[in-house]
Amino acid sequence: MVVFESAVPDFFLAHYDIGAPPSRSAPPSRPAGMPSWLDVLARIANGPFVSIAKIRGRARGAGSEFALACDMRFASREHAVLSQPEIGLGLVAGGAPTHYLPFLTGRGRALEIMLTGQDYDADLAERYGYVNRAVPDAGLDGFVADIAGRIASFDKAALVEVKNFVGEVSLPAHDLQTATSRAFWVSAARPASRQRLTAAREQGLGRPGDFEMRMGQHLPGLDQATDS
Amino acid sequence: MVVFESAVPDFFLAHYDIGAPPSRSAPPSRPAGMPSWLDVLARIANGPFVSIAKIRGRARGAGSEFALACDMRFASREHAVLSQPEIGLGLVAGGAPTHYLPFLTGRGRALEIMLTGQDYDADLAERYGYVNRAVPDAGLDGFVADIAGRIASFDKAALVEVKNFVGEVSLPAHDLQTATSRAFWVSAARPASRQRLTAAREQGLGRPGDFEMRMGQHLPGLDQATDS
Amino acid sequence: MVVFESAVPDFFLAHYDIGAPPSRSAPPSRPAGMPSWLDVLARIANGPFVSIAKIRGRARGAGSEFALACDMRFASREHAVLSQPEIGLGLVAGGAPTHYLPFLTGRGRALEIMLTGQDYDADLAERYGYVNRAVPDAGLDGFVADIAGRIASFDKAALVEVKNFVGEVSLPAHDLQTATSRAFWVSAARPASRQRLTAAREQGLGRPGDFEMRMGQHLPGLDQATDS
């Protein structure tokens, strides 16, 4: 039983460092053939343990993907923000949210989340199924501790079998996931994304400030900024 | 980026003209083997563009199927009505809502929608996942324009790749869809549907009036009407 | 058209008699190879009729599985409780809720329900999609009678075809379901479940009283109780 939480105010897990050039940040593949980021996610999603994402602050891009790979997601009503902002940077999200999200939110809302790159607060994320529940921040720690404590008291062999059975009908095939990683790196090399990434870096991507705090608001203008 | 809306008050897209005899209204198949209505839907669902159904008024039968084929659905809280009324006319819905709806609403609610033929207002449609969101009518145009505008500003290649990836795990196979079209025409030739269609036409099917405005209320009595 | 309801106050269908030793309660397989409990569920889920679970009181374990196999679930807002408590007894739920629930609630909420074994009231069950709708108790009978009445007035052949089409994309394969039954009997023979079952029987499992009324509250302590 593992609970993932952030020690950084305002952020659960910001996002992948998409500002780095592909040649430096493209990770080596794992022996089994899965790119290393997908391997991390698959080890969480398929691992013989139960995982909870306790989300305060922003979980965007890879941060959202990390939360999606966990077995459950509980979000602070006041302080959680989830999004897949890649599309605003000309990128195809590479950690397979395209294949995880439909099993949580349904097809239409999964498309909305990934085609708009908007910020989703906890209440809307709950209505969409993006998180299990939005919980008032003051009660979130106790709420998750109760759930984690009861699960930890149960028999591990049975927990793992249940998790594996659910996975049989609700996890995407590895080859589908791998295709998203390839698409990410192809999209990261296109002029459309290089322009947007340059504009985003100029406006504050990857640094403390308004761009990272309200990224959803800043994405639509990036193509214009790079043209000037 | 395309937004579908209706210029007709009270109706988004009423329904297929199920009053016409099959010999006249059965459409020719397309070269690829899909009946033409399914071909229309598949071109929307699989096409290299993003589509939004902005729903005011009634979207029933083929109108609902059209909305289901779009990538996203936003509905006027005060003025949207969605339904699959075919069952009330003895018909099997032919545009594959049986295969689209479960990926939006889950199995139980999809069965309810299609086995009851009831009218669903926007709030209930949102709770069920039938639409992405119900939006107050006064704000619907601005809401959809914002979303459409931001999507239109993004890179088209990345948008299409995301749409295709989501489709891999959330669109039904073509052969499953085609079977629903065959079942529609078989059901349309049965006495059970001919009787109900005759009664429905007598009561106002296909003409302005209460039957079309509140069709869900009128469906249960049709079998009795035809017996008299 | 069949509506399942309970004549026993406080219980829709309590649960399988997991207190009995496997040698006595393990059911014979059916000719087709499905264990008999799964055969019951499959006959409901695949049968040529429409089924509604009208849930008042507790539907736990096999009681929840019975409701999941029905086409629709409507729950009393004040009096319904649903859960899969098996995990708290060291057991893997054997009636395939691991394969039914994800098609109703999505992956994350299905995992939560089965890994925590908590009690879910009607409102939360509705938010999760575990039931179609929570209905105020005073109106539940009329609500379900209206729906059952309208469905019963429709053409049976069309109803069955719709149900079958929906099942094509929303019912688990028989071999996946059968594996859960095997896992149940394996888990029932482990020391971890024998200890917990002994403790649960001592505390009131299977007898009228607080343990059966609030089972979700009693599950976490069972491993400690058996150690003493």
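Residue numbering begins at 1 within each chain, and the chains themselves are lettered A, B and C in the order written.
Everything that follows uses one rule, which is that a residue touches a chain if its C-beta (ideal position, glycine included) is under 8 Å from a C-beta of that chain, and two chains touch if they have at least 3 such contacts.
A quick note: this is a predicted structure, and the numbers were derived from the prediction, not measured.
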Worksheet item: For chain A superposed on chain B via Cα atoms, how large is the rotation, as a multiple of 5°?
Response: 120
Response to the item:
For the copies chain B and chain C, the interface residues, called same if over half of the numbers are used by both and different if under half, are different
Response to the item:
Chain centres from averaged Cα atoms put chain B and chain C apart, in whole Å, by 32
Fill in: For chain A, residues contacting two or more additional chains
103, 106
Worksheet item: Quick one: in the complex, what on chain B touches chain C?
Response: 86-88, 90-93, 98-99, 101-103, 106-112, 114-118, 127, 172, 176, 179-180, 183, 187, 190, 192-193, 196, 219-221, 223-224
Worksheet item: In their complex, what parts of chain C are in touch with chain B?
Response: 50, 71-73, 100, 103-106, 126, 129, 131-132, 147, 149-151, 153-155, 157-159, 161-163, 165-166, 168-171
